[in-house]
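See the structures that follow.
After this come two complexes, each holding subunit A, first together with subunit B and then together with subunit C.
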Partner chain A sequence: MVDISSDRRTVLDGLQFTSPADAEVRIEPVAAMSRLALRGRPGIETAVAPVFGFNLPSTACTSATAAEYAALWVGPDEWLVTAPDGRVDVVKAALEEACAGVPHAITDISHRNVGLTISGPKATWVLSHGCPLDFDLAAFPVGMCTRTLLGRTEVVLWRRAEDTFRIEVWRTFADYLIGFLNEARKELAA
Partner chain B sequence: MSFRKAAGGRIDRNKPISFSFDGKTYQGYAGDTLASALLANGVHLVGRSFKYHRPRGILTAGIDEPNALVGVGKDDAHYTPNLRAPVIELYDGLKAESQNRWPSLGFDIGAVNDLLLSRFIPAGFYYKTFMWPKSFWTKVYEPKIRAAAGLGRAPETPDAARYTQVYQTTDILVVGAGPAGLSAALSASRSGKRVMLVDEQAEMGGSLLHNLTEVIEGKSASEWVADALTELKANPKVTLLPRATAFGYYPHNFIGINERLTDHLANPPANLPRERQWQVRAGEVVIAIGSLERPLVFPDNDRPGVMMAEAARAYVNRWGVLPGRRAVIATAHDSAYRVALDLKAAGIQIATIADLRGDVSGELVSAAEAAGIRVQRGAVITGTRGRKRITQAHVARIQPNGTAAAPEAIACDLLLMCGGWTPSVHLFSQSRGKLTFDEALQAYVPGQSVEKERSAGACRGLFDLGAILEDGWKAGADAAAAVGGVVAPFRVIDVKGSVKESGGYLGALPHGRNVNTVKAFVDFQNDSTAKDIKLAVREGMRSIEHVKRYTTTGMATDQGKTSNMNALGIVADTLKTPVPAVGLTTFRPPYSPITFGAFAGLARGDLFDPLRKTPSHDWATRAGAAFEPVGQWMRAWYFARPGEDMHAAVNREVKAVRSSVGMFDASTLGKIEVVGPDAAAFMNLLYTNAWTKLGVGKCRYGVMLREDGFVMDDGVVGRLAEDRFHVTTTTGGAPRVLHHMEDYRQTEFPHLDVWLTSTTEQWAVVAVQGPKARDVVRKLVGDFDLSKEAFPPMSVAETAIACVPGRLFSVSFTGEIGYELNVPADYGAALWEAVFEAGREFGITPYGTETMHVARAEKGYIIVGQETDGTATPDDVGLGWAVGKTKPDFVGKRALARPAMSAPDRKQMVGLFTEDPKVVIEEGAQIVLDPNQPVPMKMVGHVTSSYWSPTVGRSIAIAMLRGGRARIGETVYIPMPEGTIAAKVVEPAFYDKEGERLNG
Partner chain C sequence: MLIINCPYCGARPEVEFRHAGEAHVARPAGTESLTDEEVVDRLYFRSNPKGMTVERWRHVHGCGRFFNAVRDTVSDFFVTTYKTGEPKPDLEALKAGAAK
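On to the complex of A and B.
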């Protein structure tokens, strides 16, 4: 059988990540990882604890992380779960077992999304060119995550630190999105 | 700069600037506007008016300027027409030109409109004159009128500038940085909350910047402004935005603000946006946008050298410019006396003050008289002289009966007018706040608020500086309280030299002259006169909205800033009704004109819309594929080899699929994973088909209806497990189908334990189709048994494909043996290449969407959105078999039961064979039964798909034809411009009707 398993090509290859504005805002690709869309009835929040080591966040737009896992609340019964690359089948199996008593749905979306990190003193300024949310720390604290619009793309935005955000975006929109962010940060060129 | 004062003003005399106007070079200083610099050079004539091409000068010192509209830009790519000279900041090398004149500003052919033709251009001229013939509108009238009218020239090359947009949230937004706004920002800034202060001018301070007489808290006005700005700048929670116009007030305190970043720079950095559109969501808004001075409406009130009184004061005090040497001042308001005193102090001779009011007195009047200025009470201007610059003003006494006596001609080179002050209620009105008419002020002022906003200062009718400053302070503190911030205690702001001012007049003035020959302008920009408005009223217009549209008063780009209230006054006077009974026209955004670029923002070129590429995109590009956009996707259309046109390429591709094997990137197909214990129950409700009995590992073609029973989408669905379906949708329908399913899941079937996840982007899909498909795919799936017994058509399996975990489907959209290979998307490009390599020995042929369309049409497979148009039932398109008749319910079932949905004369899908097999009908063509009937013919159907079929060796078409299935065998006609095409109605399947090839 032909083997293509070592010929993985991300859509982020060849995109323009460096910019004269890097001192103010950096945009970097996030390495491949496992991603799951986790859905379920009440009870699932605690059912997953043996796998993740934490309960799923039940407050809107909050996240939980521990060790190699992260779970982002993106809807009243929906979480975006990330785990290290290549672990999707293992994690899915463990979750299926742990959640057996609660109606649920787990779907592999590892390749659907790509991740970007946007960081720097002007990160919120650049994000504000495409996202109408208030990025004041009081309104959008560290750890907050939300599904929102950035330019003409839907993204999940997750604040990892005061000036660092993770962007999760569907793969075919990444090209546009990076072009948009590059154009928005152009005015910040050193 | 012979009209520049020796000293004074806020200009920088150490920074001389060279600029050109109509090709002539002039000098100005940093801090000048184009208007102040032109005036300093003695240039008053700067434009020609819209309709009559009358010579016009600079009327105002701000955004309300209706006359001095110019085009600015070094070349076409940097050109902006219709800019207002008083708000154009001067920079070295600025190139400006006048508009609406030919061949030159001084000698303009169009002026014949004024001198000879004006009696033929009455109000409503366009409505009255160009009535018929109807066809003349588009061919003659409109192009001619547009060419003759149009003020500025639209540039024809792409705009070289960048534009950006940014969202921002603030607790308190203060609009306007005049005395009220600055004061409001000061108190608001002490709240600990976020404050934004925006002002349209380069320098904040508003009227305080030309106020040399009043002393605020012991400081000069300019010192007070400087101290206030210093305090605000030091506060990290305060954002100061100069050169930023709040142009629109949208629902829920959403304010559009246009910031100009580079228009004032001689050499703007290329990376800076020219304009930045701020879209601000504010907790509370303080509107402090001041007031505008009203002109007086008297004959020939539009000559160059006629100016608003306060504008002259601003030019003298702020820019050190003498707008004239000998001024006549016509007023109905006390503020003009302050102007007279400042001008006199600057060395301008005040010939007279003609005050409309007969019994005027007070501190300012006394001061003027004490300074030796002649004050004529109860006096009116009845006319002026001087074509390109005023030379005389005619001042007459108003007689007891209200008419003007014989006038006295007074020589002057400057005529200043002040009809009083109109509060700027634009933003308040845009916020849907209710205006009330203040009888004492004779002005509309903000009444009941709708949004979380408050007006402060002159924009709500306060005209005493001390009161304005205190009002602003209170408004800022109130806003702070409303957002839960610290409330600054009330501050008494002591102002010395402040005098209470009053007065004002609305409407046209008496002049005692022939009303048919004089022009007293109300709207300077649109050239509408008092006579026009009176005529409109005489002709039956009563509502100000009708008068406005009939006369175009207030409809120019200045939105009637200087004209609306006078127009109202004239209508009220003519109708003998109070002003509020006439109404007020609606204020709409933008407050002042905004460039298109600001609204486009970053959405230009590649960023206009995302462009989604398939995994094979780069390979297809290298292979010379032509692409077609499908929604946001770019899909390979056909793969032409050197020397091939589209027709030849598609013929070859179709033949390859039929005779050997082809490959096609199907990654764009929408994919939804339906998962949960109730997944099958949910599928039963969302699709017409029955799903309960579909075995794991099997696929079924599914049809989805809307609630109205019409076909919405279709696609193959594979059952991966008891509780897991892999649903495919049309490429364009993917988001719509997911939303439709999610909507029903949440609102109609919330009891079902089922969830939906879009997996369109998770899987890359390569379709391998043709008699040799199995041979190719076998090389990629190892030991997996592809035999038709083990893996018959319409099967699905989760198995390794080229050693990556994949989903293998045996499905065909061509009628040949077919497989769709799904792998995680990062492996899509490698899989495409692997399939191509594996197929090389069979001559595998990559094909595009056109071949996909032709091949499916040969088989009579529909495309939702091509055969269907939102009014087709499953039965109409031959899919009645896919409707589960015994199912208790599914979305659309109830609608399908309506008798009309099964009427025999519905449009039904049929095939067409043209009489001449070489003729390919145009898609969309209409079908008739009798080609000889008179026009308009009775149309009985239309062609939905039409191709040359290389397999059948002739043209084929699919059509939706009324009662079509009963007409099979009949001949129908397609009338086209080139002649009528006859076609035979046939079954909508042209090749392998029995489907034997699938079982090969």
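On to the complex of A and C.
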């Protein structure tokens, strides 16, 4: 019988992730996950706590994580929420119930973004090729997240460790962005 | 590159921002009784001063929020920024402060 199940592929398939500069900076795809754009009036920060096990961060450019969830502040009434792959409907339903008393909007954007990890001693050096933010630990501490520009495209940058960043980029810009980052780290391999 | 102080995110590079026109242009009450000249004036004519001007800006590649900024059109210096809804600062006082 013919297999007619849909073949799930990511735009990252076939892109160049390895480089002679891997020892100094690695770029890796992040596995598929659920993503939600969560917006709401004051009160939503605590309303979601029964679902996530934490309050939404209310300080600009900070993140909160626990177990399988992460919530990233991207605006004064806007958060990027990540959850395990395949769970988006369950999480969305739980959030709708928890936020019933607060004006809010919850949108499934799981397939709008793809995630990349950039890590290694030269990670900030490569990011600085296309992002004018200060990556000193005092200015951009571990856990900080923000929407910004990287090269010519908009991304969400999230510092996971001193030399490790998550990049969330709109999927149609991923090809460009990886090309840009590979171009930047060519110098290291020379 | 200019550093612009977003009232929500703090000091950020200018490439993350977009200009969004003059601030504090209020829609007049009783629009049905305005003359054509008054409508045209509100829609199309802006003060365009030489010196301090009050503008709307948007942190489009950051928190996404609109805010207001006082900018000097001669030096391109951002004198101050504040959240939408907050009162327009006293420009004469700011000028006096800048002149010190």
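The rule we apply is simple: the second predicted complex is superposed on the first by the 183 of 190 C-alpha atoms of A that agree within 3 Å, B and C clash if a C-alpha of one lies under 4 Å from a C-alpha of the other, contacts with A are read in each partner's own complex, and residues count from 1 in each chain.
Basically, contacts are C-beta pairs under 8 Å (C-beta built on N, C-alpha and C of every residue); 3 or more make two chains touch, one makes a residue touch a chain.
Worth saying up front: this structure is predicted, and the values here are computed from it rather than measured.
J.: Per the overlay, which chain contacts more subunit A residues, subunit B or subunit C?
T.: B
J.: Using the touch definition from the top, say if A:P132 reaches subunit B (first), subunit C (second), both or neither.
T.: The answer is both, since A:P132 touches subunit B and subunit C.
J.: Contacts for A:R160 in the overlay, against subunit B (first) and subunit C (second): which applies, first, second, both or neither?
T.: Neither partner.
J.: Quick check on the superposed pair: does A:C61 touch subunit B, subunit C, both, or neither? Answer first, second, both or neither.
T.: In the superposition, A:C61 touches subunit C alone.
J.: Which of the two partners, first being subunit B and second being subunit C, lies in contact with A:H111: first, second, both, or neither?
T.: first
J.: Contact-wise, after the overlay, does A:R147 reach subunit B, subunit C, both or neither (first, second, both, neither)?
T.: second
J.: Taking the superposition as given, does A:V74 touch the first partner, subunit B, the second, subunit C, both, or neither?
T.: After superposing on A, A:V74 lies in contact with subunit C but is clear of subunit B.
J.: Is A:F173 touching the first partner subunit B, the second partner subunit C, both, or neither of them?
T.: Only subunit B; A:F173 stays clear of subunit C.
J.: A:I4 in the overlay: touching subunit B, subunit C, both, or neither? Say first, second, both or neither.
T.: A:I4 contacts subunit B only, not subunit C.
J.: Jot down the residues of subunit A that show up as touching in both complexes, subunit B in one and subunit C in the other.
T.: The overlap between the subunit B and subunit C interfaces on subunit A comprises residues 78, 132-133.
J.: Hey, which residues of subunit C end up touching subunit A in the complex?
T.: Listed in rising order, the residues of subunit C that touch subunit A are 1, 8-10, 12-13, 15-16, 61-65.
J.: Using the touch rule from the top, collect the residues of subunit A that touch subunit C in their complex.
T.: Against subunit C, the touching part of subunit A is residues 60-61, 74-76, 78, 132-133, 146-149, 154.
J.: Going by the contact rule set out above, which residues of subunit B touch subunit A in the complex?
T.: Per the stated touch rule, the residues are 162, 164-169, 194, 271-273, 279, 281, 602-603, 606-607, 609-613, 633, 673, 675-677, 753-755, 757-763, 779-782, 800, 802-805, 823-831, 834, 837-838.
J.: Write out the stretch or stretches of subunit A touching subunit B in their complex.
T.: 1-5, 7-10, 20, 32, 37, 39-41, 77-78, 89, 103-113, 125, 128-134, 136, 139, 151-153, 170-173, 175-177, 179-180, 183-184, 186-187, 189
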